[in-house]
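One chain, subunit A, links the two complexes that follow: it is found with subunit B in the first and with subunit C in the second.
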Partner chain A sequence: MSTVATSATAASRAGRSGSLAWLAVPALVIFTGFGLIPLAGVLVLSFTSWDGLGDIGFTGLDSWRAVLADPQLPHALWVTFLVMAASWAVQTPASILLGTFLAGDQRYRAFLSVLYFIPLLLSSAAIAITYKALLDPNFGLGAGLGIPLLVQDWLGEPVLAFSVVIFVVSWQFIPFHALIYQGGVRQIPRSMYEAAELDGAGRVRKFFSITLPQLKYTIITSSTLMVVGSLTFFDLIFVLTAGGPGDTTRVLALDMYKRGFQANLMGPASAIAVILVLVGLVLALLLRRLGGRDAAHSQLEGA
Partner chain B sequence: METRTTSRRTFLSLSMGLPLGAALAACGTSGPTRPGGGPSGGGGGATATYWYLSVQPQEGVRTRTMERFNAANPNGKIVGTILQNDAFKTKIKTAIGAGQAPTLIWGWGGGGLRSYVQAGQVEDLTSWFDQNTALKDRLFPSSFGAATIDGKIYAMPCETMQPIVLYYNKQVFEKVGAQPPQTWGDIMDLVPKFNAKGIAPFSLGGQSRWTNMMWLEFLFDRMGGPEVFQAVFDEEKDAWNNPIALDALGKVQELVKADGFIKGFSSITADSNADQALLYTGKAAMMLHGGWTYGGMKQDGGDFVSGGHLGYMNFPPIDGGKGDPGNTVGNPGQYMSISSQATPEQKEIAKKFFATELMGDQAIKEWVGTGAVPIVKGADSAFASAEDAEFLKFVYGIAVNAKSFAQSWDQALSPTAAEVLLDNISKLFQLSISPKEFATNMNAVIGK
Partner chain C sequence: MQTTLTTRPKGAAARPPRHARHARRGPATGRRNWPAGLAGWLWLAVVIVPIYWIVITSFKSQSTYYATNPLVPSGEPTLRNYQLVIESDFPLYFLNSLITTVGAVVPAVVISFMAAFAIVRGGSGRFLRSVNGLFLMGLAIPLQATIIPVYLIIIRLQLYDSLLALILPSIAFAIPLSVLVLSNFIRDVPRELFESMRMDGATEWMTLWRLAFPLTRPAVVTVSIYNALTIWNGFLLPLILTQSPDKRTLPLALWTFQGQYSVNVPAVLASVVLTTMPILLLYVVGRRQLVSGLTVGFSK
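Then we have the complex of A and B:
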């Protein structure tokens, strides 16, 4: 994501003054090397049959037919969609509230914002291993502290396992999105709040009438990151549940890995990878459209 | 199928070369490399590479065996990297496909080895074994089965044989006043007894999936003999529709429904040894697991093994079953191949390792010390002085007397079929598919 963003800004800057076009080169080289070329490779591989070891044989549309006819694909798509929707629905309100709270310039809030940031510094694998240990029904937190309520088959019951995945994902990424919203809230001119206060608006009214509408583009940015990012959740789910129990948490990325690297079916796995890329692109475009139509329109009228 | 073929190298370097190479390099440096084995050390001689599995006590034996070899061969050392079991399985495949394989390819033989052979990635060792008949004759002939593909030997059988054993916690049985099961009926009778006392009847690391598979392997064998799975292996059409197979699949679901397995089994992994911990802490009464877990429980379980609280037996017969109750399943050995991508110097080092230390006298002694039976003829002569003589004799007895020592299904089948198998097994234990659906899904990948 970050390379895309960098190259986009670099390009727009270069548009204004042609002499700075070379600034785009490092980003372009990296994006081509790590983004475009592998993508082309995967696209080609999706028309082949390859076990990951021997020679690659072109088999036309065989892999695509196999993938599209497999009932596992709609299931994985559905799970991916559920993860996307649920993690968005949990993260967005929490991040907006937390971000607005942290935007205040009180000392303790600055201190808290540092604390809240910590989960983002940990690697997904480490988080997943820790939660897995804590949630173990026999040796975990619940059993250790003797709290029966916590002794659940957290990762073994389909609904619970799915909820745990959403919870852990949110726990990890809410700090990041709260940070984005914090920045967004700080951009809102004070004068708007002062005007509202003169009109007698309370805290809640100010939040819904000023803060939230002013955060429109921040919401779109953060939602794009959440939605497209949720397509690539892999490490966390892989360590936490390995797609289980059964296949209740097997998202598209996990399905791709299992087919490619465990079942040695690189062709179908590449086809899924292409589907993943397409879904991600379509979603990103849709979200841009959603707020992009009047991007030039000023939000600061009357400020 | 393969109408046009392209060099896999071209594709790899294009599509995955950079990120994969970086990832591998990162893993290589962060992985614990043994001291004195660095490429620059050792007087400038060539070095061979060797990846092996973590988890003590086996890891220690592998490390010391390698170190002994390095001490004796300062000009041709082996550099080792330690990996986790389930991670190893995918990583080694990726590395081999990328032409980055270690010199020594450790594995379980069978279907996985076949896929390496078909890709021309491992050395044919047939002629080498013909020249080293003394070595070949030392090893159990039955262990060569999973190393032989289309009549040629591609791997050296090594380390230990690991039949699957039914373990039980004697203390828990005493507390409940129960006797170890003699038949499948006894097992089903024991389940409510233990559950009533708040003890799980069986420990199971179900997230690893092959752990669930061991149950099916025994149920199939006891009910219909080795022929039932052999039909699948021989690629007979609709082999899983065998009524005995469907019956066995149903039996395992009955056990799941009766709460035979510990709560949360589908989120427990075998790699963390949590399933063994459940048995030796008395949270579970019994466990069906590989012979290698004896060493793990001895090491981690306090006085559980040394105090004689661990009971073990072969899987009991099933009423009306046709299979011989003396049969067993598991790993007839471990297997070490040589990468065909290695340099001639590396291959020489590897062969020297095979001929000397890999199954040398000291290595055999240390394997016996872990409570496992090395796949060497007359290994039982070393048992008398061993700490775990009783267990060793038990395992040796199973291996010698079994009319059939079947290889684990996921190792015998091709990786593609094995993945579908494991996937469906986890769904079967989750009760989300019926035996009939299981059979249909599995029939679809026969021969793939």
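Then we have the complex of A and C:
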């Protein structure tokens, strides 16, 4: 905190902002205490061994060696990447189409949107529990309807379980991204479409030549949120499959939890957490480079 | 995003997006678009069928559930499942969720508003610029990754297994986005209003509460709703930072209830319905605020 104190005095010397700076202090203190210190702490803890209860001992690179040598890590990274890529590939086209659809002024579309957003209100735990019951091979919907095609061991077969995770993620988050795209489409000037109509462009042509290019920055924003957000699909996967069957859906966040809070190996779990943070930062930077800006910056420029 | 956020008219942004404002925009042509309509209704089915199934099943007894078509409502609906859920201490879990949510959202929004005000009004100072930079960095980091040190800090503060253990990190995690969105809205308050307050001899503290706060109230509501929903539905913090049954919040209680009664599908689904009710009621009452709250700054 000493750095804060010195920079605060520096600011008050700078003049007007000094009388204001203290207003930011409460937020800064609590964000430092439960955001920044833990962020640094996770790096420090990755060089220690701790079982979650007893003393913390410095063990140098032991945790890192253990984690990096463990074949579990490349597997968890691969699963995380697959979940990210598959959920992006399913959600993005669906959200763009749905968002464009909802941007229309028709009454029934406004009515539909009211119902579309319901999944956004449910907790991931509630959604995961619902789908677990719905897909149960013995007690679920398929068994009750007696449709053999639906009676599968949905969460017990690796490929099926992975597909279910992607489906449930999409079910939960497509409405959110559709909402973002709806906002984006409504900002496209009507005159562009009118001009295209004069040139005889059809609906499909208008979509690909006007709507899609105009949505470029919306796509980058939505993709950033999707990709970085997919790193934190913890509760959904934890309740739905707990990483199973086997380790099929054991993403990084789940790997961190299982190592830390189930196997009581906080050191290696912290090393995984550091990797998680790094992956998140690298992805955010990559996407920002791709579009020349990210969500946070486009917001700032808009201000 | 560029167009949506750079062309926003000053002062108008504090209002939620109005349908009428967009009347001259977007690709609607008036001609009917059958394939799109069909796809729209199809997606509705994907969304609604599971929800419909949850609701009707929650009114079935366990024996009728196995004996009847799962998509047909029971001829003799029962409230037994709801009774079981309520007897399983769900009112207490509801109270825990309520205390945690209110206890985190109110301070989080108040201190974020103060910080946002300072950043907008005195943003040229080096201290406030770096504070702003820190909060922006917080947006890019998956804060869940910091859970192990948070756990350690909570233990050392002797707060483990208390609601305060959930409240403090929730406030911290809510700050970055709240400050970003609120400062965007405070920036839209016309500069002359601040000047005239200053001429009248008002302190910055009075300006904050008497001018900036009332003028940006819709944004405050939106940010509060977004944070409340995130915290209300939060699962990781209660899972890690609490232990005893009487400290459970609703999502965690749902999970343990499901573990206990996994064979009793109707009872599990009744717990889902019951815990979702409060939010659905809010949705019915304040849909527009809630929807804009869900996307905060992202879809203006």
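Descriptive notes on the structure:
Criterion: the second predicted complex is superposed on the first by the 258 of 303 C-alpha atoms of A that agree within 3 Å, B and C clash if a C-alpha of one lies under 4 Å from a C-alpha of the other, contacts with A are read in each partner's own complex, and residues count from 1 in each chain.
The definition used in the following text is that a contact is a pair of C-beta atoms (placed from the backbone, for glycine too) under 8 Å apart; a residue touches a chain by one contact, two chains touch by 3 or more.
Please read these numbers as outputs of a predicted model, since none were measured by experiment.
When the two complexes are overlaid on their common chain A, residue A:206 makes contact with subunit C while staying clear of subunit B. By the touch criterion stated above, A:20 is placed in contact with subunit C alone, subunit B being left untouched.
Of the two partner chains, subunit B is the only one that A:155 touches; subunit C does not reach it. Legend: residue contacts after superposition of the two complexes on their common chain; A:188 is shown touching subunit C, with no touch to subunit B. For subunit A, the partner with contacts to more residues, out of subunit B and subunit C, is C.
In the superposed pair of complexes, A:57 makes contact with subunit B only, with no contact to subunit C. In the superposed pair of complexes, A:130 makes contact with subunit C only, with no contact to subunit B.
In the superposition on the C-alpha atoms of chain A, the part of subunit A touched by subunit B in one complex and by subunit C in the other spans residues 33-34, 37-38, 41-42, 44-45, 50, 52, 132, 136, 139, 261.
Residue ranges of subunit A in contact with subunit C, taken from their complex: 7-8, 10-11, 14-24, 26-28, 30-31, 33-39, 41-42, 44-45, 50, 52, 94, 97-98, 100-101, 103-106, 108-110, 112, 114-126, 129-134, 136, 139-141, 144-145, 171, 175-176, 179-180, 182-190, 193, 197, 203, 206-207, 210-211, 214, 217-218, 220-221, 225, 228, 231-232, 234-235, 238-239, 253, 256-257, 260-261, 266, 269-270, 273-274, 276-277, 280-281, 284, 293-296, 298-303. By the touch criterion stated above, subunit B contacts subunit A in their complex at residues 1-8, 11, 14-16, 18-19, 89-90, 93-94, 96-97, 115-116, 118-121, 206-207, 262-268, 274, 277-278, 283, 414-416, 418-420, 423, 426-427, 430, 432. Subunit C meets subunit A in the complex at residues 1-8, 17, 19, 22-29, 33, 36-37, 39-41, 43-44, 46-48, 50-51, 53-54, 65-66, 68-71, 111-112, 114-115, 117-119, 121-128, 130-131, 134-136, 138-153, 168-169, 171-173, 175-176, 179-181, 183-184, 187-188, 204-205, 208, 229, 232-236, 239-240, 250-252, 254-255, 258, 263, 265, 268-269, 272, 275-276, 279-280, 283, 287, 290-291, 294-295, 297-300.
For subunit A in complex with subunit B, the residues that touch the partner chain are 33-34, 37-38, 40-42, 44-45, 49-59, 132, 135-139, 153-156, 161, 241-242, 244-247, 258-259, 261-265.
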